[in-house]
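In order of appearance the chains are A, B, C, D and E, and numbering begins at 1 in each one.
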Amino acid sequence: MTDNLLEAIGLQKSFGALKVAQDVTLRLRVGERHALIGPNGAGKSTLVALLSGVLALGGGRILLGGRDIGRSSPSQRTREGLVRTFQVSNLFGGLTVLENVYLAVSERAGASFRLWRPAYRNTDLIDRAHEILEQLGLGEVARTRVDQLAYGQQRLLEIAIALALRPKVLLLDEPTAGIPSTEAGILLDALDRLPPEIAILLIEHDMQVVRRFASTVTVLVEGKILMTGSPIEVMSSEEVRSVYLGKAGQTRFASEVAHA
Amino acid sequence: MKITVSSTGLSALDRPRLPMIALVVFALALAVFFVFPDRLSLAAYIGIFALFALSLDLALGMAGIVTLGHAAFFGVGAYTAGWLALAGWQEPITGVVISGLCAAALAGALGPFILRLTGLPLVMVTLAVGVFLFEAANKLTWLTGGDDGLYGMTFSPVLGIFEWSIYGTTDYLYVLAWLALAFYGCHRLTTSNFGLALRGVRENRLRMSLLGSSVLAQLTLAYALSAFIAGVAGALLAQTSEFVGLEVLSVEKSIDVVVILVLGGVGHLYGALLGAPVYLLIKDMSKEWNPHAWMIIIGFMLVFVMLVARGGIHGVLHKVIARSRGKLPNGEPR
Amino acid sequence: MEQFLASLAFIILYGGTYGAVLFIISVGLVMTMGLMRVPNLAHGAFAALGGYLTILLMNQAGANYFVAVPVAVILVAALGALAERTIYVRLYNIPELDQILLTVGIAFIFVGGLALTFGPNVFTIRLPEVLSGSVDLFGRSFPVYRVFLLAVGALIILGFWLVFDRTTLGAKLRAAVDNRSMAQATGINVERIVMLAFAAGTGLAALGGAIGAGLFPLEPLYPIKYLTIILIIVALSGFGNIKSSIVVAMVVGIADTAARYYLPELGGFAIYALVIAAVAMRPAGMFARQG
Amino acid sequence: MLEAERLTGGWGPTIVVENVDLNVGDAECLAIVGRNGVGKTTLLELVAGRTSAKSGRLRLDGQDLVPLSIYQRARAGLGYVPQNREVFPTLTVREHLSIASRPGRWTREKVLELLPRLGQRLDNLGSQLSGGEQQMLAIARALLGNPRLILMDEPSEGLAPVVVEHLISVLREIISDGSLSMILVEQRIDLALELSDRFIIMDRGQITYQANSADFDLEAGRLPELMGLTH
Amino acid sequence: QDQIKVGILSHDTGPFAQNGQGFHRGIEVYQALHGKSAGGREIEFVYRDIGGPNPAVGKRLAEELIVREKVQILGGFALSSEALAVGPIVEQTKTPAITFIASSPSVLAGSQYFLKSGQHIAQSSSAGATFARKQGAEKCYIVVSDYQPGYDAQKAFRKTFESEGGQIVGEVRVPLNTVDFAAIVEGIASTETDCINVFVPPGAPAIGLLRALAERGLVESNFVVGMGEAEDHILPQYDDSVVGFKGALYYAEALDNEENKTFIAKLKELYGPDTQPDFASASAYDGAHLIYEMVKSQEGKDWSGPDAVEAVKGLSWNGVRGPMKIDPETRELVQNIYLREVQKVDGKLQNAIVDQLEAVEAPSKEWMEN
């Protein structure tokens, strides 16, 4: 028995002639902080969609805690603790921030089929929702309608909802996009405060974030895994530099290594 | 598909305010009993449509199921009540419950198939299912009486005490009681976790399923609950008119009820209570004045509500009240 | 065998012409619904208006059929443009249910208005001499009127092909619907092309209403009565795919004719069963690519 | 090139941007930075005409923009890369490029050379693009309109570092050869400083700081304070 | 100062508005000719629009007419289902009710206070079969719309045609929403017939079917008999191909009797020279007569609905349709059925009377059911 929480083995997917996942194998251990990087259109978001069940697998197996969930519906996977966020915010725009999180809390608690009892009496659930919002600094906007939130706050809310689902594995698709680099810290702090046993897969184009967050980095190129390794290993690889990081990325990264 | 829901500015997680409008409406409804004793037939008819519209609000307003085929459940309820009575089961209250259950069973059976759809495909399929049932009822004359309808049924007095009469006294109070009961039930339902989950489904179905919720099951349950109430309304029509005609299954009925709900305001239950009397009274009056005018009037009302008074009567009332109290609901322009 | 072939020829010819009329009446809605995403349930009203105006022009102004029809079409198209500028323009970004109800409201106004002006009677349009005879085709006599319908249908298809395959108009329209303000920010004069497209859609409806009156007689309830069949065409062609709407209209026309010929009593059911099955299985339309 | 005076506006009744003065010269790149929700996007939308100004003046090369509608402003020479990309979900990449294109130095070939990834996805619908590809398409769409002034709202978001690098070098080249001016909203301050000639910091709908990019020392660590992040 | 109020359940809007218009006109013409009172009582008509196939609304309106408007007599009823729905109220309140055109066999069974001024559908249908046989038709094909009146008409025609020695070679029930009848007609053309019986609602379906029959040349080559599909006022909607179509019905505009001439003259005077009568306005006219007779029968007495009904049972009089009588046993009408044929006279299409059956009785319930 390994301590692999999530195992994706030999995943395949293509859109017509375009192969977006070619024999992708990826393992996440309990508590692992794993980053997924790669050029645009490499298939990173597709991989998250395959793992979360939004797209049907073209081949391969997905094991969560040893159980094959490759054929389960997205909602089953969520219930089993595999939770994702979206690259482009995907929220309940007409509801308030609190209601958004409450929905997640109530689903997670299995309380969403309570037909008779008024929601406001579920103080335990409401408190939990508030608690999560505070954690991400969204307490002040709890009663704001989501479609009136500034973009950055919507990104934080995405995370809040994910946390409310008490994930075992968290898949984050560019969670810091649109948040100023100076503020991405809030988000990373929130991730740091998560229970350590949660495994997180983070897609990110900002190398500063990757470096601060990840212990392992996987590089995906044209649907294939190019390499997996520690941040330093990956970022000093010639190949990764040429297809993804570029010269500037390299120098900028170098200067950061120097800082660290 | 998105639908416009008139905003109350109240979060589902606040303690619900006393449903003032509902209390006022029910008080008015009771007053009608004393003030217009010679119009109770119409009043009962209005009550039945308010109930039908309420059922639609559950499906449309709460769960976002846009349907042009809700008459299917109304009709099944009506025919069931008719068949029961013709077969000798004349007790009205159990008749209503059984009819509602039959309608709910149909919705429960259909739901898993058609509720996968959204948007115009859903509209089309509900429409087609409605037409299909109508045509089937037309063909199955041995069962439905076809164009002649089901007739010659009688019902025993309500609770064994209240006799039916052409003055509509019993009819009206009986309908009103069912309406109040259903309204209370729906109110509980919409303020519950389930109600909030349905709003989530309406807003963003994919996201909801990624919260781990069984969206199809939630929708089907909502659909069946809604169908139950629609079936109850249909059964009440059968019982108060002692007749069931094919038109209970017609597309016109389905459209009528959508129009009633939209005039009243979608999504807050009151819409049904407000829309039914306004719609049917205007219909009644304008027909006495000039029958052709009715189509034009209702046409203009729809255009008006959609272009100017979004949110229907409920929405307008709500704004007026909010303005008079000097505060506006969250996010609405002043 | 000979009998069978004869009936087959019949079904194809008559079903084809029925399909052609369905196509002409529906394609305007396929276009507005698909390109502009407005489920304009008042579409049938514009068709009816085209028919009624033709009658007015022929009876009151004594116009010739071939003058009355185009004039009616132009008048309705102009009205369509006006309606777009004043009413439909406010519809583009509201929820679909609201669009449905608003346009149903417009249809209701037409129904009442037609009843008030023309009375409850059914009207048909008297065909000119040239169209009322018959010709021999495939060894049987075939009304000239039906040939005429087929020809008009073919012309319209050609017109669409020229406009949409040769210009970026279609893409601009879709862009305008997808995201109106972004389309404008790309430099597209959204208001103008949307108005033109709408005028074209209503004009086509009017054409269908006028020349199709031989199959769909005019009456005040016309706008609502024929809505179902029009919507079926639109739904089966995937809400907006003009190319597939040609095929769908023909298939429906021929299938319906065949069903009425072989199983006349089920005709009423068959089409709805088909819709339920087709839409439930392939909500994107019968001929949509699966992706 | 662009002059805005006391520009004020927002969404519906809410005022988000207040009394902002802006000047962008020919062949100049002006960067705007600021915390989330301070009104950067709103300012660009006001210039593009997607929300209307409550008051203030706005001119492009002396031409008054205020009475012009969105598409007229676009034809007058404004290009826009919006924050959420806003590619058209039902249009293919090819269609995007063909409806956006107006004559000028940017042709389809040149744009595809700058963003080769798009060339491989010509028949994908907007909704079938990856996040980064959508961003590329939004940029391509704006460039193909051959604007004189391009408004870019966080163009680097979601793009791979190597693409950003390439983009910056190309943009810097065109700006410096005088054919294009730019307003750039950017969260990545380093990029913003690298590309721009001047930059401004916005807070709560107003300009709170401005400076020449070249003179500003990022390492000095004054930025959080200037942006109002510390109290 | 004594007043009798009559509530008319009508259709002023919706698909049956044509009939409703006939109801109004028939009654108004009758009042114009015979004054607004009878038997010492003023008679006032109150109209209600049902507005479509909606018996429950009909029932509600009937209740309101009785409870609120305090009408003593009901009239109207375009659809049989409306009469069936209202039956229990009529019975309960003992209100005489005259159905103008509702002609389902079951209408009168709804209450003993129902009377008719129209027909039992089998009267016309059976007569159509008899006419066909008289003209030598051997083989007949029946086309009816797929709804209850269609079934009743189909059955009556078939029974009579067969019992008189003819053969039915095919029958088809066409869905009500049928638009293009070409396929149906093609099916008929492929069988050997010399007679075609049709029953479809007037309006679009009738026009569509007859056109298709004519287009295929079947109107020329067959004895095509229907009921009210080609009333005179609809004829302008047909082209010449409809010439030769026949209808068997209890009324015809061309009827040459005093009552009818006065009726038509007044009708044209009131509504313009182009106005033409039809079976709905004629039935309403004769219905109004029946109402006046009922009121007269109670002259000098306190109004009693049941007595008024009793008084007119067995009544016979000359209506616009010719001699008519209420069968005291069944309360059905005994009346002539005319065979009308569309002809072209002076360039104008019109229905001429080519044959008639006198004093046709309604068949018994047993006959209809077996």
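By definition in this document, contacts are C-beta pairs under 8 Å (C-beta built on N, C-alpha and C of every residue); 3 or more make two chains touch, one makes a residue touch a chain.
Since we're looking at a predicted model, the values are computed, not measured.
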Walk from chain A over to chain E along touching chains and report the minimum step count. 2
Sorted by label, the chains bordering both chain B and chain E are C
B-C compared against C-E, more contacting pairs: B-C
Nearest whole angstrom, what separates the Cα centre of chain D from the Cα centre of chain E? 76
Hey, how far is the Cα centre of chain A from the one of chain D, in Å? 28
Based only on mean CA positions, could you tell me how far chain B sits from chain D in angstrom? 50
Compute the distance, rounded to whole Å, between the mean C-alpha positions of chain C and chain D. 44
Got the chain A residues that touch at least 2 other chains? 15
Multi-partner residues of chain C (each touching 2 or more other chains): 115, 228, 268-269, 291
Can you tell me which residues of chain B touch two or more of the remaining chains? 135, 139, 292, 294-295
Across the complex, what residues on chain A touch chain B? 52, 54, 73-76, 78-79, 83-84, 90-96, 98-99, 102-104, 106-108, 111-120, 122, 125-126, 143-145, 148, 161, 165
Going by the contact rule at the top, pick out the chain B residues touching chain E in the complex. 38-39, 41-42, 45, 135, 138-139, 141, 145-149, 151-152, 154, 166-168, 237, 241-243, 245-248, 250, 252, 287-288, 291-292, 294-295
List of chain C residues in touch with chain D within their complex: 168, 171-172, 174-175, 177-179, 181-190, 291
For chain C, which residues count as touching chain E in their complex? 3, 7, 10-11, 14-15, 18, 115, 119-124, 126-127, 132, 143, 214-217, 219-221, 225-226, 228-229, 256-261, 264-265, 267-269
For the complex, give me every residue of chain A touching chain D. 15, 38-42, 44-46, 87-88, 150-153, 174, 177-183, 205-207, 242-249, 252
